[in-house]
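As structure tokens, here come the structures.
Below are two complexes that have chain A in common, paired first with chain B and then with chain C.
This part shows the complex of A and B:
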């Protein structure tokens, strides 16, 4: 079983998914912060967490960003 | 889910037969599915006499997945619709060629998504935790949007329907499978007896959770009948809206097109 070598790491976000994801509040495109595993919406000042490769696109679960 | 708005600004939503505060419903539904996630298929088996798999299969056949198409399956939970969509599209691709199809399984409940991911990940299949009322997807990005046995759990159904319309490409199709209203009195009586008596009892025996199953039964009865729901889909902008009853109306498939 060497599936892990042929597939992207389960914890990383699929780049194809990132292409179609927008902020559910502002509908803007998002910045992927690989280190913190978050999707950043500058307009909404929210950071959406990614858990085990699954983006949690719920504003109530997002971290509020300071200016 | 029928909403009422009164002068004192209290907006309520139906939670089964109870009226609850509008803002509370999503959390309460989440509670039902956190509790039910591990036995979700069993729950649908009980509610449909095991036939929900056949209904889903009929929906996919009608949907006619094609290579290169992109599906968003809302309330996709364990991912069975997305997997079936990709299987069918890939089979066509092997015969005729074309680009691979892709699918996103979108669900508000993270536990449901994790249950689905444990069944296996595959290429061109992604997972996202979303609220159907404000989808995190680009406008005009999908060829098809499906939701099966999920729309009745959405608080603001009109918002969700217009979101489904927004994310579809022109020419895209919306397919919604949901428990509905039996079309004959005899069947309705029998189904009521089964659902109001047997199912909450089985919920208690099998998952030690009578209340969640009581909610599911009641939410099915609260959901608008076929023609009323079709009118809601039309109000969201869909054209050529059609209803197909399955098993005498125990479930119904609603379809609509974005022109």
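This part shows the complex of A and C:
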């Protein structure tokens, strides 16, 4: 999970999605990191990728965060 | 665990590009689900459509129900199935829903729940994501779906002295969807079955369509070796012998099981408590009550 490709100007996440989503592991709300195009779950220490504006809410596709 | 969820995802991804050409069952199921939505005299603010991406956007946009749905979000286990969706979309796993409590006014689920290992668990999570007194409608494949193909493959295994392999995913038999919905905490559940008979030139064109839909076998205990072409030729011949029509076509059965229910709310109608009636049944029917000698406990 260490993609280093530079993404084209990412489609911004639809605010409606942010309203409905929680982390599927901890069920807590997520932080939207616009620069990295990720949804961060602090509790699960996971960053869910957003590809072409579509959040990929699968733990196995998420990047593990370090402490 | 019965289904290999990673493989289900892979099937949906690899079929995504041509899915639109093979989405006829999905389009039919979605159309029927939207008909149900039309019957409700209310509009829906935030709506989730699961299992139906841009391939079904036309079916959605041309349906009267569309006008009742304000914000639509589409979701699928594979993001490839969502590519080009005109609506905000998210990739999710039905077995671990990433949806917060009471976020939706309507959830429509189109032919995907039959691939979950625990449909009731998935339904409970969808119920949780619905606001109280919100509507849920779902269609899944069940019962006698592909029974002809299953029969032809078993007969071929038997004739060739093989162990009967599980080449087709099992579909829940005689499943009572209304009962599953009520186990998942929904109120006023209803369910019915849409039996669809599709005609094919041969078993190979049936298999091509199943691949196009992403509906091929995803059992954990599936046969790992690909059988020879001869094996499939024999199975195809057996299919024709046993089920074929006079014009040389073969039928394939799909059972689309529909279910619909409401997320619970205190104001919804409930069955009255036993013994709470003010009028006796005999009185209501205008007849004479004849005691059977029993006394209510």
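In this section, the second predicted complex is superposed on the first by the 57 of 67 C-alpha atoms of A that agree within 3 Å, B and C clash if a C-alpha of one lies under 4 Å from a C-alpha of the other, contacts with A are read in each partner's own complex, and residues count from 1 in each chain.
Note that in this section contacts are C-beta pairs under 8 Å (C-beta built on N, C-alpha and C of every residue); 3 or more make two chains touch, one makes a residue touch a chain.
Computed from a predicted structure; not experimentally measured.
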Fill in: chain B versus chain C as contact partner of A:23, first or second or both or neither
both
Worksheet item: After superposition on the shared chain, which partner residues are touched by A:35: those of chain B (first), chain C (second), both, or neither?
Response: neither
Worksheet item: Which partner does A:52 contact after superposing on A: first (chain B), second (chain C), both, neither?
Response: both
Worksheet item: Given the touch rule stated above, what does A:14 touch, chain B (first), chain C (second), both, or neither?
Response: both
Worksheet item: Residue overlap on chain A between the chain B contact set and the chain C contact set?
Response: 14, 16-17, 20-25, 27, 51-59, 61
Worksheet item: What part of chain A is in contact with chain B in the complex they form?
Response: 7, 10, 14, 16-17, 20-25, 27, 51-59, 61
Response to the item:
chain C contacts chain A in the complex at 6, 46, 48, 71, 73, 79, 82-83, 88-93, 96-100, 103-104, 129
Practice prompt. Would you mind writing out the residues of chain A in touch with chain C in their complex?
Written response: 14, 16-17, 19-25, 27, 29, 51-61
Discussion item. Touching residues of chain B toward chain A in the complex: what are they?
Written reply: 70, 102, 104, 108, 110, 113-114, 117, 121, 123-124, 126-131, 134-139, 141
